[in-house]
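Structures incoming, each one as structure tokens.
Look for chain A in each of the two complexes below; its partner is chain B in the first and chain C in the second.
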Partner chain A sequence: MFSRAYRAAVTVPPLLWVTVLLLIPYLLMFCYSFWSVSMAQTVVHSWTLDNYRELLRVNVYWQTLFRSMWIAARVMLFSLLLGYPLAYYLSFHAGKRKDLFYQLVIIPLWVSYLVRAYAWKTILGSEGVLNTLLQYVHVTTHPLGFLLYSPFAVVLTLTHIYTPFTILPIYASLEHIPRALVEASHDLGGSPSQTFWRVIFPLSIPGVLAGATFAFVLSLGDFLAPLLLGGPSGIMISNIVVSLFGAAYNWPLGAAISLCMLVLVVGLLFISERLEKKWSFT
Partner chain B sequence: MELHMSDDTHASSGTRWLLVHTVAVFAFLYLPIAVLIVYSFNGEGVGGFPPHNLTLDWYRMLFADAAIWESVGNSVVVALAAVAIALAFGVLAALALDRAQFPGKALFRRLVLLPLILPGIITGLSLLMLFREADVKLSLLTIVLGHGTALISVATTEVFAGLQKVDRAQEEASLDLGASYWQTFWRVTIPNLRLPIIGAALLIFTLSMDEIAVSFFLIGRDNTLPLEIWGRLRRGITPEINAISTIIFVFSLVAIVIWYRLRVRTEGRPEIAELIEAAVQGGLTHEHES
Partner chain C sequence: MASTTSESTVVTGLTKPATEPLLSIRNIAKHFGKNIVLRDISLDIAEGEFLTILGESGSGKTTLVRIIAGFETANSGQLWMSGERLDPLPPYRRRVNTVFQHYALFPHLTVEQNVAYGLRVAKLSDAEIVSRVEQALSMVKMKEYARSKPAKISGGQQQRVALARALINRPRLLLLDEPLSALDANLRRQMQVELKSLQREVGIAFLFVTHDQEEAMVMSDRIALLRSGELEQVATPREIYRRPATAYTAQFIGHTNLLPADIKDGVARYKSLSWPVQLPDGPALFSLRPENIRLAGISNDPIGDAVRFRGKLRHHAFHGASELLQIEHADGLVLWVRIRSSGGGWHGDLEFEFSPNDAAPVRESQTRD
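Let's turn to the complex of A and B:
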């Protein structure tokens, strides 16, 4: 029913915009990663593999990448452990409180990322709320130093930020489970735990995958929480990229690391999508 | 739909534990926000337990702080411009994905959604390189372009979902009765998508107001609010930041209540989950496609 002109009119403008402001920048990142900087710190547009050789040669990059993945993995795990039972309760047992609880899940999503990271900083600092509270009730006599400026603080803050993001897709997938299936399992003599593990959980896997991927990928690339709360031991891969684009002024090397991250993320999305297809029942 | 597990007490004690867990998670999610708000009234500054000397001094200081309010103004302008860009291209992109076939459609769909799931640093840096190569000076305009482009994903997802629910027969009738495509677009298509568009606009506005990872790399001389706060955090923490954070929180709360009401009116419980799933799974396909 739509004429060729109509289809062109709705397709061409967004296609052009996205090409210029998304596709070309990603391609440019690819190009930059094969360029180099001169002694005068200008970018030289000649092709070289030096940046990738540098990445393979210098251990710090690998160690930091693995540390970032380890931090992201913990954030993902804790978000799931906190989020899944809550989503399950919300979907199956919340009754009249369902609407209220659902709103309580989405409100933190709208609260500024920076504001929440900052709140944790004021809680965890040596003069912070938690340490002064512990001393006030005489649990400790000195401030606990490991709370702030540590990977612990980064994992805690990112878990706080990404838990609502994991709850929502899990909840959505639980809501889509036909209740007749659950009742059938009960009627056929399945115990509550059998019903959960053999009926409900497998059907909720697509939601778990979406939430887990979201939490992992966005934690992996975070650089603000580590800067604010991580200290030297909480440095993540994006912090290295930031310094390469800033003070160290080596954009091509920074682009090479960013590109590795981009490839990693796209790879993870690909795997997640494959798994999701395998587990979705339609 | 509540499920009654009446078979044994084991199940109900399990349910009780689930409730305890749920309440504990909510405490974890809300405690930092509560602390933040309480200490914005604390005369002794950030930290120190128990808080005492309740005061409004930090708010007075905040209202007299010209740099903060200038950055708030910048953020509002940026967010409004981002809403305009993201909606204009997002609505068209949703129509294109819904109604047109063109080479590279699958790639286009993924590309549009990618900024939702990519860490902000990648989007920010790739745009920074573009502006550097094109000799564009960094300013609020470059931030607008960054936000507008990244948030097309939100507008497209919301509008595409809305399109699946409207009856195409109305547009057909309009065309059959002699209206042009242009008239049909403005008088039938857009009014039918009114609620998804308003919902998307609110979401985009809030996300843009809060955005920092992309802006971090595209900032020129003028700060947005999150970057202004960020700059102050590096110099040390003051309860003034608690005060502005509390105000931001109250505004977010108002925005979310409006948004929630809106969504409940159109399609029952709103699902941000759709957005997350679309982002992760490169969604936005019709049922019959792949």
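Let's turn to the complex of A and C:
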């Protein structure tokens, strides 16, 4: 048995942390979303559903939300398509170079997000590395405009940034598969591709779900990549929230959008966790 | 290595079957880096035979079955199955199936999906799969668990499912890598009997790997004793027990007294013991099983030219049906004697006897790294 003092010492700080830094801000945000702003730009502390009505009424909000989800979905898909084969190679075929490759996957995470986003700007810009190269080898005569300040640039950058977040959980789930199961499949006549689709892939689904959730949720709430590389057509929902809290000084509307996103994300995490549990055996 | 002979100096025991062997292991050698695991193994397995590879941990027995299954590649040597090279084939093209040590059942599939796996990947018709799975599950008495996931059934039941999953593919040869080692003693004995009768029923050759000499004796048609990557002796359980070729075999299989004797003019002498032999002069090692020594003068079935000795009881262990006595003679000779259990109460000088025929000459085992 632990003493009361000990129990208090280990439970109070984290509870305090969660309360002060998470619960109270969320509660404030919740309240704000039901308040309004007066003409004099002061917050009116009376309850109203106007902010939510505004969200449904003004197309740009939910269109931007859908665009953000569509960008996040593509980032998720490309991160999985890039990340899975890499994680698979790392786990099953890298042999002695496993640790080295693992570090190579991690290293980009140590580099500032901002630096990596700017790097893409210098690659994709009209005077950038890619356009210069394409013109040099005469693939095009003019710089390609869609490369930068477009949803394409945002998807590309976010995929680059969040692929490690998909590789790591997939790699972890592949590492957990007992190699005897792979041998058993071969032993029973399963070819390498049958073994992959019938044994390895189903057993790695928890990792795929975790990776997909990371990529989707992190991309959905991103505001730096669209700010730096998105241009007018690549605006995402977080950019709107930022401007509502900032320039527009409409905290209540910003809070309402944030709350909607929070509900969406929590719902996704909940579903993803349920699915992961359903598919975890090893 | 292009040797085509499968004769090996250590292979004794059963006379070679007239027909071609099912599996012929020829001069297989394997090393992992500097660690030599198998050196020049040659062994034939006949159709329908129950052959056990017996060895201590680190003897290379698991590596040998993994080479046969195709999970490891030998550094030299060949495998032949019914006159065709086996070793160049990948595991999924070999008509060999394995029961793994920890069963390796697919955790995301039900018992029946596990058993059906081999037939599914072979793309058999649904109707055939259903009927064969049902047959296989009833063979191992697991029909009522068909829809369970492996995690929900006991170790013994998992064992049965692993067996059904391997046998449903009708392999030419079934490899069993210490399949009983994870079971407790009672279940293990029961599974030994079941496995043996199942093997007779299906008529498939079993290559069974174990470190347990008793298990090997109970189940096998022949035992191949592996020691530090080399075959020490290959023989029937009776022969390997009664006529162990080497001192190592004699000690590993059962319990024995090793007598380093000197032979002169047809008489072997060790300390105060002497018995007639038909061997050339010189030093020789003999194995004398404890149960071949008995208390003198109590049996009404006398041994013709019994060798007798007297000694004091130094140690005594009760084993239920028998008792093991450690007897020390005045000249320092110490022998183990196994007798049938009685009331006990031995004291003073006891007299023992054994037949010279039971002192089996064995070769000195080479010492290896």
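What we mean here is this: the second predicted complex is superposed on the first by the 280 of 282 C-alpha atoms of A that agree within 3 Å, B and C clash if a C-alpha of one lies under 4 Å from a C-alpha of the other, contacts with A are read in each partner's own complex, and residues count from 1 in each chain.
We take it that a contact is a pair of C-beta atoms (placed from the backbone, for glycine too) under 8 Å apart; a residue touches a chain by one contact, two chains touch by 3 or more.
Small disclaimer: the values here were computed from a predicted structure and weren't measured.
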Touching partner for A:Pro178 - first (chain B), second (chain C), both, neither: second
Partner chain(s) touched by A:Leu56 [first = chain B, second = chain C, both, neither]: neither
Superposition-derived comparison: chain B or chain C, residues of chain A touched: B
Contacts of A:Val44 with chain B and chain C, given as first, second, both or neither: neither
Partner chain(s) touched by A:His186 [first = chain B, second = chain C, both, neither]: both
Touching partner for A:Phe223 - first (chain B), second (chain C), both, neither: first
First (chain B), second (chain C), both or neither touched by A:Val199: second
Doubly contacted residues of chain A, that is, touched by chain B and again by chain C: 183, 186
Parts of chain A lying in touch with chain B, wherever the complex brings them together: 1-3, 5-11, 13-15, 17-18, 21-26, 28-29, 32, 82-83, 85-86, 88-90, 92-93, 95, 99, 101-104, 106-116, 118-123, 125, 127-129, 131-133, 135-136, 160, 163-165, 168-169, 171-172, 179, 182-183, 186, 192, 206-207, 209-211, 213-214, 217-218, 220-224, 228, 238, 241-242, 245, 251, 254-255, 258, 261-262, 265, 269, 272-273, 276
For the chain C and chain A complex, residues of the former touching the latter: 69-71, 90-93, 96-98, 100, 102, 104-108, 117-118, 120-122, 149, 151, 165-166, 169
Chain C partner contacts - residues on chain A that touch it in the complex: 178, 180-181, 183-191, 194, 198-199, 202-203, 279, 281-282
List of chain B residues in touch with chain A within their complex: 1-3, 5, 7, 10-11, 14-15, 18-19, 21-22, 25-26, 28-30, 32-33, 35-36, 39, 46-50, 88-90, 92-93, 95-96, 99-100, 102, 104, 108, 111-112, 114-115, 117-123, 125-130, 133, 145, 149, 152, 168, 171-172, 175, 181, 206, 209-210, 212-213, 216-217, 226, 229-230, 233, 237, 241-242, 245, 248-249, 252-253, 255-256, 260, 269-274, 276-277, 279-282
